[in-house]
């Protein structure tokens, strides 16, 4: 530090504006750790099953977990706020059920899909409005209530029926391939992931999301439209849930009020393993993407050698805790 | 700061009271409505059923409240409950002459250990509660499945004395209700009249301040998860005794009910806030919903939506009331 | 003849499903193939879809599945069939387009009717009865309840009134409070039919605790181990089930018959199913199925020999 | 027995990248009031935290009454009879005042260990009364004003019956009268033999209370003097390392046309019938006692809170300010009272903090241009003379005064016409203070109109062109600086409307 006491004049200090590159800092990042786990999982899986290390298998495997991964993208924003949205599973059910019912009532499929997305948007918007207007309630409470409510409405609509019979082309969402081997859902997900990556890390919107997550009062005082941005993010989360609903419904060919139950916890696990802290303000999209594929491939690979589901759950539970434990070591810096 | 203005102000206690009264008012209105639809609702026998069925939830809610006050959350309690219930009932089926008290102790012990592990993860390894408990939830469920080999322990494998834990009664009051009352008394005292109890609030209200003023934050954190675990363990025994069946998916998802009851009872997820008296009304409202909906003959397909709507309304209304009081408390002068 | 045979049951940690897997494994061992047992942690169609995909990747020869949803597995199972995998369902059917044949534990019509006959006999032919089912969308239960209602239309049941169908969602606590609500809302209730394990055991417990044996009758479908207590104490005079081991066992042999193309799933075909003898494929609705037999009656006489089996 | 009750020798403490204390010595005599002074970031607060065991020194020794002690955590220091009021309040917002005062040393029944609530409420009330505060000890901490919270902190320290009480800038958010109460208490404590370390940036405090003064500069110990033996100038030189001849810069701004006019602005329960005009180049000082409603008024002008009635004219046109963005669009900027809570994102780097108010300036089609952002941050950080190594330092790593400079830098990113500064020099050292005054004068000279809220009399008189005095939500007096004096201001602040 400069000590300019001797010359007796005020000298403005020079403040550095170039980042010093530190090899240690570069390598001890959470995302590297995730990357290592990612590689390790592929090595282990390919040792376990002769079917695993195969382009077709790997590509096909993505079809089994990418539906919820869409929500993880927007849930990342929600959790950066320090909030949480546990109503997404129910939003999927509601959006999907309404779409199916309207289609079977004669609405053309493209319009039904639009309605599905709209339902997601509205469900998310309601969450957002309630959270913003009732600041004394946390997002957990609001979305816990709407979680029960949204699924409840789905039950009222469809009771114990299933609804399906969608046109053939709708199958393509969940089951279709591009160039015969690349699952369509993978392509769609990559596009969405790029959009969300840019939105979070390159735009003023993303910057404001981080600001709110760190200190919403200071953000308000700095002219950030805190409420508006929160509503947008929750609405976006509803929209992504509706998109997940499209893929899931296509995958199942029909829908029921009880679909996607428990999805919220899977999505949250993906996001927090990715290094997004539920206390807000921290985390990067890259981490979330890695974590989506880690959990997905781990499940798929172990399932391929027919490890019981319960054991897979234990493995994922321990992985979650163990990796977060590692990340807490002082070595890993985890800045946005 | 004139003396007069400060006297007009509504005190901390008043705020809480009014909140609780509003909830109790809501409960009364709801009860009258249900009573109108089914005159069996406000009979002694139904109230007895209601309380018995809410007892386990209420015991878990006490633990959950303390966890939430410290800004934490515990998603693993359903799994802990299942683990403790399974181990205890397997033990009981192997040693039918085991004294029920021993069974209770085994269950509490297993719960304590599970809770202590979580407490360790949260306090010492700084793992966020939601992650630690989400992870351990999977682990505990998996272990329960593995030790039971996918089998259930059924009624005929349990001794009568074991089943009597939850069916027996003292002075005409069912044991479950009695246990819940004792737990509420003990924890009411613990939370309000002991230093350790107050430290729980301090840690939740401002962990930094707590640390700087010499409160052992880690110890308190560890303590609340251990207590939560112990109560979940106890509930596990009560559960399998009540239903006379232990399965590896016992009480799956039950943590959400408990959290909902806490939240309705005015426990703030942001930490630092929540009272035993408020919790009782939250638990009661939840219990009434569970009990009343089947009785008023609503279509089963409507039950979910009604439950969600009632919770939402209860929470919103109490927030509005709190806001009313909060703002009048802030205004310093009335012209 | 080596082959890879897979079974997916509804979920893990349920003795009924475990026994199905046992029976399936036993059959495949007799045949001499490789067996893969799969059970999702939660009983959802979503997790079964993932398992089907994993089995396709492993190039199994046959998949036997107890579907968590009759329709939602259709695309996945169709994909499996298009890869040459023989698909059959057991216990809980998937729709006719998603399977080649279904192993039916017992005729749903018979299951439905026999329970009405039983409760009628227990309550002496007149009084109010209620049904306590699993979830409101459980397909099996819903068909059975339909048949119960049809049976009730017969003139001999004029005196019997079905007052309510309640749903315990296969949760212990909910089933208990639904039972209690039934008792209170219908003070004249004479009998309860609970066609699902969790509900019948919960009802048995409630009736036992309140000392209502003899006043309110209980029957339905349940696991012998869960019901042993209540059959012996007289709360439930008798109830029904089939042998899940046999369901799995038959599925194993049927899978082999499909793989070796002894059958293709068309009506009229027959094959040898190990100790169960010769079985025939029959038409059922728009699909085909293989019937195991009539539901088995458990009562005080035989419950002790079954309670330790499943 | 040593003649010092507390002695620290060769204390060194480093944080990652910062040496906060460098071989520092300190001696506290029994029963004295000892002032500790120094620039922002000199290491005063860190030093206190070493004494109380919040931080562990890298090296050095602590002696209590001549005996070497090892203070591992705040509990140890508490047991040794040391209590501290920290610079940044360490309160429990959800709990009652009583509990805040007694947390950790609640009054309990010796036998049953039961907490005696009534006793506690009563003694809490007594402590508060002693401090001249009259609020109900059952009130929730979060409903108190900053100053009231400060009083609770003091009560907390007193309640432990400590032998040594350390106060880290306790007067920073107090007004004159409240400071007087604090002086009284502090002297009373001294009378009963308590030894006190008192940190403050106000010379007033030091002269009024302290017998001796120790100065730190740039993490180093500079010296200890008897307060009466050292001149003001020498002390400033010791602290700043250079001479500050003129605290308040000469103003050469030309006060010209009206920019902003407020007519009968009211918000029920907070302020009433506020009217004033503001001209370009003018510094309007608003003063008054704590709780007079100044902050509320400023926040309504900036659109954070709604106002109920009244009219606002900006450059002659009637305007409505219903949200922050509307105020910013007009060219109004606001420097909040609480820099940590309202001004900064502590976990962020300086560059991101600085750019937050003007993201559209450094972005195109919403895409952030990092290069532009960094250069803007560097320019402004240097302009306000922040003591930091690089713009990638985290805001929380800066000392209080330097944090305040960052908040000022944030304001300067926008094109403003009216700048509202709410207690801009709170907790800021003399050097930084004069720098902030210099910036203010420069801004006024460039034609900005400035509203400055301040409780510091010299500052109000030294910087203001016109002075508004508020009391109980109303303006009780408006005067030009020429006709103002301390006495007149105080009279207006304390009496009813004249």
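In this document, chain identifiers A, B, C and D correspond to the written order of the chains, with residue numbering beginning at 1 in each.
The rule is simple: a contact is a pair of C-beta atoms (placed from the backbone, for glycine too) under 8 Å apart; a residue touches a chain by one contact, two chains touch by 3 or more.
Note that the structure is a prediction, hence the values are computed from the model and not measured.
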Checklist line | Chain-contact steps, minimal, separating chain D from chain A | finding: 1
Margin query: When contacts are scored as defined above, which chain pair ends up with more C-beta pairs, B-C or A-B?
Written below: A-B
Check: Roughly how far is chain B from chain C, going centre to centre by Cα mean, in whole Å?
Finding: 36
Next item on the list: Calculate how many whole Å lie between the centre of chain A and the centre of chain B, each centre taken as the average of the chain's C-alpha atoms.
Entry: 30
Next item on the list: Starting from the mean Cα coordinates of chain C and chain D, work out the distance between those two points in Å.
Entry: 73
Next item on the list: Mind checking the centre-to-centre distance between chain B and chain D? Centres are C-alpha means, answer in whole Å.
Entry: 43
Margin query: Which positions in chain B are in touch with at least two other chains?
Written below: 141, 145, 248, 268, 301, 326
Check: Do you know which chain A residues sit against two or more other chains?
Finding: 155, 159-160, 262, 308, 310, 313
Note to self: Could you pull out the residues of chain C that touch at least 2 other chains?
What the structure shows: 12-13, 39, 41-42, 136
Checklist line | Which pairs of chains touch, using the document's own definition | finding: A-B, A-C, A-D, B-C, B-D
Notebook entry, point to check: Which residues, counting only chain D, touch chain B once they are in their complex?
Noted result: 52-54, 73-75, 77-78, 86, 89-96, 99, 103-104, 106, 108, 113-115, 133-136, 138-140, 143, 148, 268-270, 272, 291, 472-473
Next item on the list: Please give the residue numbers of chain B that touch chain A in the complex, ascending.
Entry: 73, 75, 121, 125-128, 130-132, 134-139, 141-143, 145-146, 248, 253, 256, 259-260, 263, 268-270, 301-309, 311-312, 315-316, 319, 322-323, 326
Next item on the list: Would you tell me which residues of chain B are touching chain D in their complex?
Entry: 1-3, 6-7, 9, 11-13, 15, 189, 192-195, 198-199, 201-202, 204-206, 208-216, 268, 271-273, 326, 329-335
Item checked: Residue ranges of chain A touching chain C (in the complex, touch as defined) -> 49, 51, 57, 60-61, 63-65, 155, 159-162, 164, 171, 174-175, 248, 250-262, 299-300, 303-304, 306, 308-310, 313
Margin query: Could you list, by residue number, the parts of chain C that touch chain A in their complex?
Written below: 12-13, 36-42, 44-47, 49-51, 53-54, 57-59, 69-76, 79, 135-137, 142
